[in-house]
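In the two complexes that follow, subunit A is the common piece, with subunit B as its partner first and subunit C second.
Let's look at the complex of A and B:
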């Protein structure tokens, strides 16, 4: 019995257990400090739906041995391009959302392809380079947002008449089109469940899961587990890595569109800069390592991470009369990434 | 003749990054319309302001640990020292020295932590030190926001102990009683070092100010690095940078030496941040250290350094070129396209882009070498 517990702790790792217990204690403490558990839970669920696909975008690259996808902003940029194009052409409702996807996905695939060509040449140092490829693409797009010939009056600066705004509302276009699909909740508004968003999230989870059961998917996993062995058994290592990077980038583009339709705003310019970090932290929190990730990791990790993000402001603030949530968020998310990077077992690669 | 051509080509290839930036500046300077005396003054000021920080990156590169993104830890330590000294109202050189005395031990401890963490992540030091910077930023914010103040926020239950670092100056502490304000005016320390010994030289109608004392300090530090390379410890570091396994089997305490390299770098970064902020004169408690790491690393790389090789010359060339672009590009963007914002984003892009390119080039070279040595084992197919 004791051995079982010790094994569980060893498998899960101390940080995850501490953070899990922390979240549990937040939920237990919530009623005592007048925080409504039901509405907190509902907030958490909405945020899980918002961020789920972005976290899922980590999986293909982790599985193929490309490490954590710190270059997520690249996919996000493709999604943003799709989003602003759909508003430019005034496509509304579910069609507008679909149109945004339609524009975003080929761009994401193309960007992912080039991104993969870089990563295939820098094996072993993907993560640092991915970070800076993401950062520089965000900076390039900052210039592009100013110069691209968008002219819809809801998107450009009121003065000057050119250049996109930093935040653009999707209100009246496709705000909540997915969230409100089949959504249900209590009449008082205390509880709300964004069914459509979850249907989409689980559909994506299923598709990625199914992909890793196909021949190509298995080959991708093989490349991640042992590239030498994969090569010896006739797998084209670079091709499999390219596929995984493209898939990650495409999922990133989808992820941001889901995020925006629920959030209600498109954030341009420096907005996407640090968006990879919460996603990376979430999947690691869910039990993934630098070279292995499953669908369970995605779901559990997103729920745990978003749970902490929703619960800490309300509970800690009423407990200590001070807003410590930001500091806790920084320490938890980066602490988790740091832990994953320094696991002794993974140092040799 | 052929020999000379080859030499020229080698020089051009190995210095391609600085050459590109010299060309960029050559286009941008006339566009910006700044006068030469203004630019000269800016460059002299910025060289004095930033060189020390960039120099602090050299030692970890020597030890083969790549670019020390963890230098922000040192910057944070430096800022803690400055906050306390400002509260005690100790001004001038004594204030700076005291700030250094406070921050150097903190930086040493942080450096030790950073070094030990990096020893657990051999082969991916850069990404780990980068994330460690973020992590420590969380701890720093916790200390600065909740532990420093007139009254403490956190009390230990059942004991009458309040966790707090006493700072009482109302210009520093938020009105709620704890937490440091975001903008701190370092009036007493402003130009304390720069003005200790300075020269004014007339250049074309206006005069250019040279902070000689700061340059003297930087020169001393350069000599220290030159000397350090020749010591036993410096040689050990270079050996580790060449090949960790070989260094280990020849009896060098690899892990210990790597920790020392990071401790030195972090302590120097702390002092560098103090020099940097005494020149600026104001401190953003929550942002100043953030950009320190990125700007220093970008400057070093623009100077022609790589992840595994950096010299003192790279530092100075890099600081000048990076900051020349920094000053000139918003105005050039405005003249060229009519939007200063564009030049602003361009310089953000260059800072990120140059780091990305440098990392890619280095990793690519290493990967190719590895592939080649592996192919030699494979034999003919």
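Let's look at the complex of A and C:
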């Protein structure tokens, strides 16, 4: 029995166990400070569904040795373009959501391809470059959102008559189309489970898992593990990296669409700027390293990270009578990134 | 006592690296002003011996050494190179340790500069004294002239030819007032013949002043010419201690390479068929440290072909070049078909497999499991371990087939591991090497390149690896090309052996030729290359 526990601790790793226990203690403490556990749990689950695919977008690049996808904003921009296009053409409901996907994916694939060409030229420095690719693409799009010829009255600035607004509601288009699919909850509204969103999340998890079970996926993993070995086995290293970066970018585009349909708003301009950091922190919290990530890492990491994010504001604030939530959130997310990056040097010797 | 006691005395010094014995029972002494020649093959233990003498941290970091070292009659156990320098041991390394942007003078006097007083010293202490450039220059010049060579003392190290760098390093050791013992590790390897001559002359002069010298070189003629005493090291043991009058280059060469010159190599029956399977013509490979300049040779089907030579001469570059891992040119034909160089996938498509000398860097996926390591190349190149789904659209990895194949090789090669899922990084060197071999066997190649198959593994595993190679050659008819620094190993398994020197194949001899013959080829002594024509395998 003792051996079983030790093995569990070894597999899960201390950081996850500590954070997990912390999260558990927050749930236990919640009733005592008048926070409803059931609605907190349902908040956590909604957030997991919203962010899951964005976290999953880290996996292909991590596996191919391109490091953490700090360039996630690039994929998100493709998703945003899909979203605003579907609203422009007034496609509503599930069809609208599907249409947004259809527009976003080819854009994401194309952007991912160019992104990969940059990353292939800076081997060893991917994460730093990726961060700047993300930031600068956001800056470019800040101009583009103003200039692109969208003219649907629900999206453009009221006073000027042109240029997209910073926040656009998906209400009446495809808000909650996935979340509400087969959703269930308590009659009082305290508990709500977004079934459709989770079905989609797990479908994506399955597809990515399946990709890494194929011959190509195996080659991508080997490239991440030892590019010299892969090259000596006749694998085109740059091609495998390109595939992984495109896949990550496409997942980023899908991820933001899931996020928006649940959140109810499309956030343009500076919105995507810091989206990469929570996703990076979540997957690291889930136990991934900078060159190895699994589906379990994604699920565990998203749940732990979003759990902390939901529970700290309500519970800690009630306990301390002051607003500490943001501070704790920053410490947790950036601390995790820092922790994982220092571990990288250890792995690489 | 002081005069009778030799300057340096070693008593049964030994050293193990992780259970791998590299030095055993080394005892010798070196008198004042004496020149000792230290010769041996790569890996014979010369560098380790010098590292012990010099107190290199790598020795203490791996468990220290056995035996005793006496310096000037007192037992010396230098804990760092600084201690050794303070005691009067000077070392000129194979790699140049000069600062490229500094002048000759600055390099020679680094950290021992002549200084002048200035008022700031009163406030900040001695470290702020200004340099006395004139005196420094004078000292540098005198140190240089002591070697008997002329270098401009104001020249930048980065702009100097390699020969000058070597002399600068020696001048630096000479300038130390208390240097009593000078260790030179292959000082002439980078020098032109005339420069080497000057160096030999100056070393004689230095020794006359009472400074003892340990001279490590592969150029045996120089050793015989210069040294008063010659130590031959092989497999970490001293196999002979002679004086130049009692020996000659030929005898030293055979002592270096052979356990016994008359040891019979594997007596394989002469091979009947003479079909050529691989032809390399004017192959060049730009592999750092192992440049191949112009290699021409051909290998026959079913043969075990050896490639030998000293480190850095280019023997390792040949296999790496043919496999497309380093930039290469020239022509390579396999079974009559041209191999497109610089494209590993194309090389592999000729049913060639490669076991790299760089096991951890190229040979293994350290972070992945054993079955992945073994199956990966075959999967990518030949679509083995792949189940085709949806009419071939999806190539699904067949974990079950991978497990079965891994299991088979784990048992067949006696790989010690917990299961086929153990990560390669956790295995010992010998077992890692077996995994690398299994990876190549899984491909069922027609030609198998194996580089340094026994480097860094223990004796038992060595035998198993070589036996396995021979078995595969006999049972499957695989042509095997082995690159190794250990000549004896090549002679025990190969049919023919090519010796590479300075990026060229300078001779191909049947393995049955005497070891001394190969030894002389390796050290580039022209005397042995009486017949530079490439000898065929059938005689």
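Basically, the second predicted complex is superposed on the first by the 327 of 349 C-alpha atoms of A that agree within 3 Å, B and C clash if a C-alpha of one lies under 4 Å from a C-alpha of the other, contacts with A are read in each partner's own complex, and residues count from 1 in each chain.
Here, a contact is a pair of C-beta atoms (placed from the backbone, for glycine too) under 8 Å apart; a residue touches a chain by one contact, two chains touch by 3 or more.
Here the structure is a predicted model, which is why all the values come from computation and not from measurement.
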| item | value |
| --- | --- |
| Partner chain in contact with A:147 - subunit B first, subunit C second, else both or neither | first |
| First, second, both or neither for A:229, with subunit B first and subunit C second | second |
| Partner chain in contact with A:133 - subunit B first, subunit C second, else both or neither | first |
| Between subunit B and subunit C, more extensive residue contact with subunit A | B |
| Which of subunit B and subunit C A:163 touches, first, second, both or neither | first |
| Contacts of A:324 with subunit B and subunit C, given as first, second, both or neither | first |
| First, second, both or neither for A:292, with subunit B first and subunit C second | second |
| Subunit B versus subunit C as contact partner of A:215, first or second or both or neither | second |
| Subunit B/subunit C common contact set on subunit A | 347 |
| Subunit C residues touching subunit A - in the complex, by the definition given at the top | 323, 325, 344-345, 347-349, 354, 356, 358, 361-368, 372, 376-377, 379-381, 383, 386, 394-397 |
| Parts of subunit A lying in touch with subunit B, wherever the complex brings them together | 70, 118, 121-125, 127-129, 131-133, 135-136, 138-140, 142-143, 146-147, 163, 277, 320, 322, 324, 326-327, 330-331, 334-335, 337-338, 341-342, 344, 347, 349 |
| Subunit B residues touching subunit A - in the complex, by the definition given at the top | 117, 120-124, 126-128, 130-132, 134-135, 137-139, 141-142, 145-146, 153, 337, 339, 341-342, 345-346, 348-349, 352-353, 355-356, 359-360, 362-364, 366-367 |
| Residues of subunit A defined as touching subunit C within the complex | 213-219, 221-222, 225-226, 228-236, 291-292, 347 |
